[in-house]
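Each of the next two complexes has chain A plus one more chain, namely chain B in the first and chain C in the second.
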Partner chain A sequence: MSSSVLTEEAIPASTVQHGAPGTRGSAGTRAVRYALLVAFVLLVLLPLYVLLVTSFKPSADISADTAWSLPHRLSVEGWGHAWQTLSPPLLRSLILAVSVAVISSVLGAMNGFVFARWTFPGAQVVFTLFLFGMFIPYQAVMIPLQAMFLQMQDTAPFVDGIVKLIIAHCIYGIPICSLIFRNYYATAVPREILEAAKVDGAGMLRVLRSVVLPISAPAFVVAMIWQFTSAWNDFLFALFLTTRNNGPVTYALNELAGGQNPDYSSIMAGVLIASLPTLLVYILLGRYFIGGLMSGSVK
Partner chain B sequence: MRKAKTWLPGFLLVLPSMILVGLFVYWLIAKNVFTSLQRSTNFVTDKVVNPGGYHNYTQLLGSGDYQHALMNLLVLTVVFMVGTMVMGLLWAVLLEKGVGAEGVFRSVYLFPMAVSFIAAGVVWRWLLSPAQGDGAIGLNQLFIKLHLDGLQSSWWSSPSRFSMAAMAIPAIWQLSGYVMALFLAGFRGISEDQREAARIDGASEWKIYRHVLFPQLSPIALSALIILGHMSMKMFDLIYVIAGPNSYKAAVPTTMMWTQLFAQSNPQAAAVNATILLIIVAVVVVPYLVTTSRSERSR
Partner chain C sequence: MATVKFDEASRIYPGNDKPSVDRLNIDIADGEFLVLVGPSGCGKSTSLRMLAGLEEVNDGKIWIGDRDVTNLSPKDRDVAMVFQNYALYPHMTVADNMGFALKIAGVEKSEIRKRVEEAAKILDLEPYLERKPKALSGGQRQRVAMGRAIVRSPQVFLMDEPLSNLDAKLRVQTRTQIASLQRRLGVTTVYVTHDQIEAMTMGDRVAVLKDGILQQCDTPRHMYDRPNNVFVAGFIGSPAMNLLEVKVVDGGVRLGNGTYPVGRDHLKEASGDSVTMGVRPEDLTLTSAGQGIPVVVDVVEELGADAYIYGTASDAKQHQDVDESGADLPERPFIARVDGRRPPQKGETVYLAPKEGHVHMFDSESGKRLGD
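Moving on, here comes the complex of A and B:
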């Protein structure tokens, strides 16, 4: 995908001229189209309905027969319990996701600029090797990674829990962030400006600071959202590298949901609480979120 | 070759990332491969658990459990990829000419992407719960309420060899919006003149899609297939939450690796499993990365 998705609306509007004959179909096909679209909306929102309805039921009112009905009495008991269980890991997830978003995007900006505009011999090969790191199943590094972190912990005891996850996500996020910034700079920074700056005797850092950085905001937003979301939503690293006492919210949510006698109102409230931050990011900054999705497809 | 003085700063800027990726991706992969080739014995009974060398690989590949997991992965991958592509393309076709409230439809279809597999898995475990009849909850209960009792299913835990198809449903729910976004951007990138020309030649709307629009979307379709394919190979969180990590019925290589490592304390077998997974993913991804990289250099 080209980087224009970062600066413009991620998905451009239709160019079909409204009202042009034959372009938007007859009233009949339009009605069918809307009916289908609405039906799919209902299907997609089905799990959300279950979450909301169940989370506001008092646990005593939960029974198989009324599973799909609206609550008779509203109760926030489930929300209270879920909040109590999840708030410490929520805070840890927040620290994790924010740190990862900031560090990864700085690394990504440095790499992306070089790969797009200040290449060195072999840069294309290095870039391709980076990209492969984006696709690997992390299972293939997990066993030695665990061992490596245990070793680190011997000399630096603070490398535990969330710190491990910050390190892991920052490093395994290097490929995608480098890609986002490289694609952005490849169109947003004209070569001519760079050449002019070089002729004026400006060094790389100077160019980076005074020419490139000031126009980098869109790519930063996309990369930060991407990394925030993937660090927040990650479970695999959390499961292998953290424990119930120092893990992020995905870990805690799985524990909350995993009991023998499931308390569905707290479980469903917990799902909503744990998803709220990424959903908010998506709702508020949706088009940048889509921009990140697009750049994930390499070209 | 340009003078080193020009490119050296760029190289130095990427160097930290090169070291980190080299260490955490490539060096750890090598260590994992090394572990996978080790011989091991049970430390109580002294019986050989892993004979060492490539025999570790033939042992895992020959085991019924692993073949069962591979079969499950195949079913999951095929259903997931076909389902997601069909759904995503359908949504894109419904939206591409521009409908009122397009933004709302798009946002709804895409929102599952912002939710973690863990959160989604918790809801879908409830939706796909196998109980039928009186004690039914989830979708089965909904079918009863809608007088569609015949549609009830034990989903992923049904006795069928293809029961993993049910596990693809939540994954399709999460990722169809992503494919829609890719195709929608693709449709919007095709100039309106081409449709106009085809229309003047008397082509039907279907012929325009078939012969004018779809062929131009094939690079996007390829990217989407590769992204979805590698996601499916790596799928772990959803299955972990919905079926549990030790479920034989829903086992795939990633969950089996977890069982090997923690339930069976057999890191060598887990490393073999992870290495095979890496090879499968690499076979799909490497040709794609290399051709992308080549085509970029030739531009």
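Moving on, here comes the complex of A and C:
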């Protein structure tokens, strides 16, 4: 889901018009095309359906035989229980994801600006090294990361729980955010605007603050959605850097789902609750209107 | 206000062996309007950007007034620049665009407002001060870009083809406005264009560049009357000067069946036994058959008072420009200005003779002007 948003933002609207099948082909091919599309949509929505119906069933009614049927009796018990268990970690996840989204986008904007428009000798090499960062798997740094935080425990005891995750995700997000902003600045922000600002007397930080950042909204949307989602969805870092008392919602969800006697309705409700925020972010930010932001600047 | 001096200034782009600007020397007087002109890739924009501080100077020096600015950053040079595509800040209003430099310089808000309003008045931008650039027409945006330069009262104005994005009519209108505005403000101005008409009409002096090398820097009149070399001769003037390869004979050069008299001292410097002769279209007259250059008329352009005939000179070999790739450029027609009321017909053969004293002689090999 996140990757589709990224490409849609990155590709100009005019090239994303292949979704207009009604204009081509005969009625027959069109019918086939729609049938296929509907089939795929149903396929994608099936698990969601099971989640939804199960979450409203009382625990006693849940069995594999009736998994597909609608609930006989409506019950919000599962939702209540899930909310009670998940609301503190939900808040922590929210703090985590928002902090990560904001901090790493700002860092990415600064890096991207320098890589694209205020280059220095050797910038290309440094940028390539940055990109390598994207290909380091989480698993590879698990132990060194844990060791580093353990060492920090004495000197900086406040680095714990969510703060650890914020630091880890911000660092991990620097490569991708730098890439997003670099590409945006290299293509969408005309060089002349920055040159005009330089001639007008602005230094690097002034150009960044007064000219570049105010016209970076589209790149911020992309980078923030990306970072919000990856921080929100992360389970691996949460698992080895936090505990049940200070971990994010993914950790808590795992706790909820584990155990001898799983309460399926609360698990399903919990899954839905935990996935709502990312959905909201897509709806709110993803529809951000990009066109026309740069218009009037040049020519 | 200040003088500007390019002192052997050179720019070599990384990865190139040939300099894009090669030891440029120009002295620009205080308050002068200097136009840099030349074909694309000649180094005119690079020269301007070197003066702005946007392009590194690899060799030589640049002076503004008595300050050596060669290694200063743009913000310390006190120059204002108008870009070809205007480069307005899209998120700022017209007033903020114009006042941005002053704001950075720490000028008081009321003073900024005052100066922006003054500039807006000069440029007829008063109703648009609170608009964003996207709500403006092309001409208005161009004026905002001008305004951004004016409010600063800089030492030097730099303009990089500021009219090339306007339509033809507006371009002519704005051309005059910029020239008169510059005279009024008296700010030293360096203006880059590829359009030789803009160069001739706007500049106090015109500097013609080709392949990074300054060909000639002179007043428009003098440059038109006495081009230094074949390139300037062909570049300045519209329609272009006719250039012919002619054989040197006793007492002059061979032209058609006759001899066109040319002073001995003109030809004694010539390196070969032929020279390049240049004649402007308006310096040709129709003569009787058998004399002068026979030309078959291909096209007649009637402009009312005048008419231009475009034709093929049937015997004289025409001088061919050779571009950098070594390929011959398409053959240029022979052009002559004739009386608009009695133009010759298409397909007719006419005989054209240059007016006495209105020909230019160039060395066939070096292209340099011969004699006076």
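Some notes on this structure:
In the analysis below, the second predicted complex is superposed on the first by the 258 of 299 C-alpha atoms of A that agree within 3 Å, B and C clash if a C-alpha of one lies under 4 Å from a C-alpha of the other, contacts with A are read in each partner's own complex, and residues count from 1 in each chain.
Just so we're on the same page, a contact is a pair of C-beta atoms (placed from the backbone, for glycine too) under 8 Å apart; a residue touches a chain by one contact, two chains touch by 3 or more.
Note that the coordinates shown come from a computational prediction; the quantities given were computed from them, not determined experimentally.
In the superposition on chain A, A:203 contacts both chain B and chain C. When the two complexes are superposed, the chain touching more residues of chain A, out of chain B and chain C, is B. In the superposed pair of complexes, A:282 makes contact with chain B only, with no contact to chain C. After overlaying the two complexes on the shared chain, residue contacts for A:218 are found with neither chain B nor chain C.
Judged by the touch definition given at the top, the superposed model places A:89 against neither chain B nor chain C. When the two structures are aligned on the shared chain, A:41 is found in touch with chain B, with no touch to chain C. By the touch criterion defined above, A:247 lies against neither chain B nor chain C after alignment on the C-alpha atoms of chain A.
Taken together, the two structures place residues 203, 293-294, 296-299 of chain A in contact with chain B in one case and with chain C in the other. Considering their complex, residues 1, 5, 10-18, 22-25, 30, 33-34, 36-37, 40-41, 44-47, 50-51, 64-65, 67-68, 107, 110-111, 113-115, 118-121, 123-124, 126-133, 135-145, 148, 168, 171-172, 174-175, 178, 203-205, 229, 232-236, 239, 250, 253-254, 257, 264, 267-268, 270-271, 274-275, 278-279, 281-283, 286, 289-290, 293-294, 296-299 of chain A touch chain B.
The touching residues of chain C, counted against chain A in their complex, run 52-54, 73-75, 77, 79-81, 83-91, 100-101, 104-105, 132-136, 138, 141, 148, 152, 158, 165.
Only residues 1, 7-11, 13-14, 16-18, 20-21, 24-26, 28-29, 31-32, 35, 91, 94-99, 102, 105-120, 122-127, 131, 134-138, 141-142, 145, 173, 177-178, 181-182, 184-185, 188-189, 191-192, 199, 205, 219-220, 223-224, 227, 230, 233-234, 236-237, 240-241, 254, 257-258, 261, 267, 270-271, 273-275, 277-278, 281-282, 285-286, 288-290, 292-293, 296-297 of chain B touch chain A when the two sit together in their complex. On chain A, the positions that touch chain C within their shared complex are 190, 192-193, 195-203, 206, 210-211, 214-215, 292-299.
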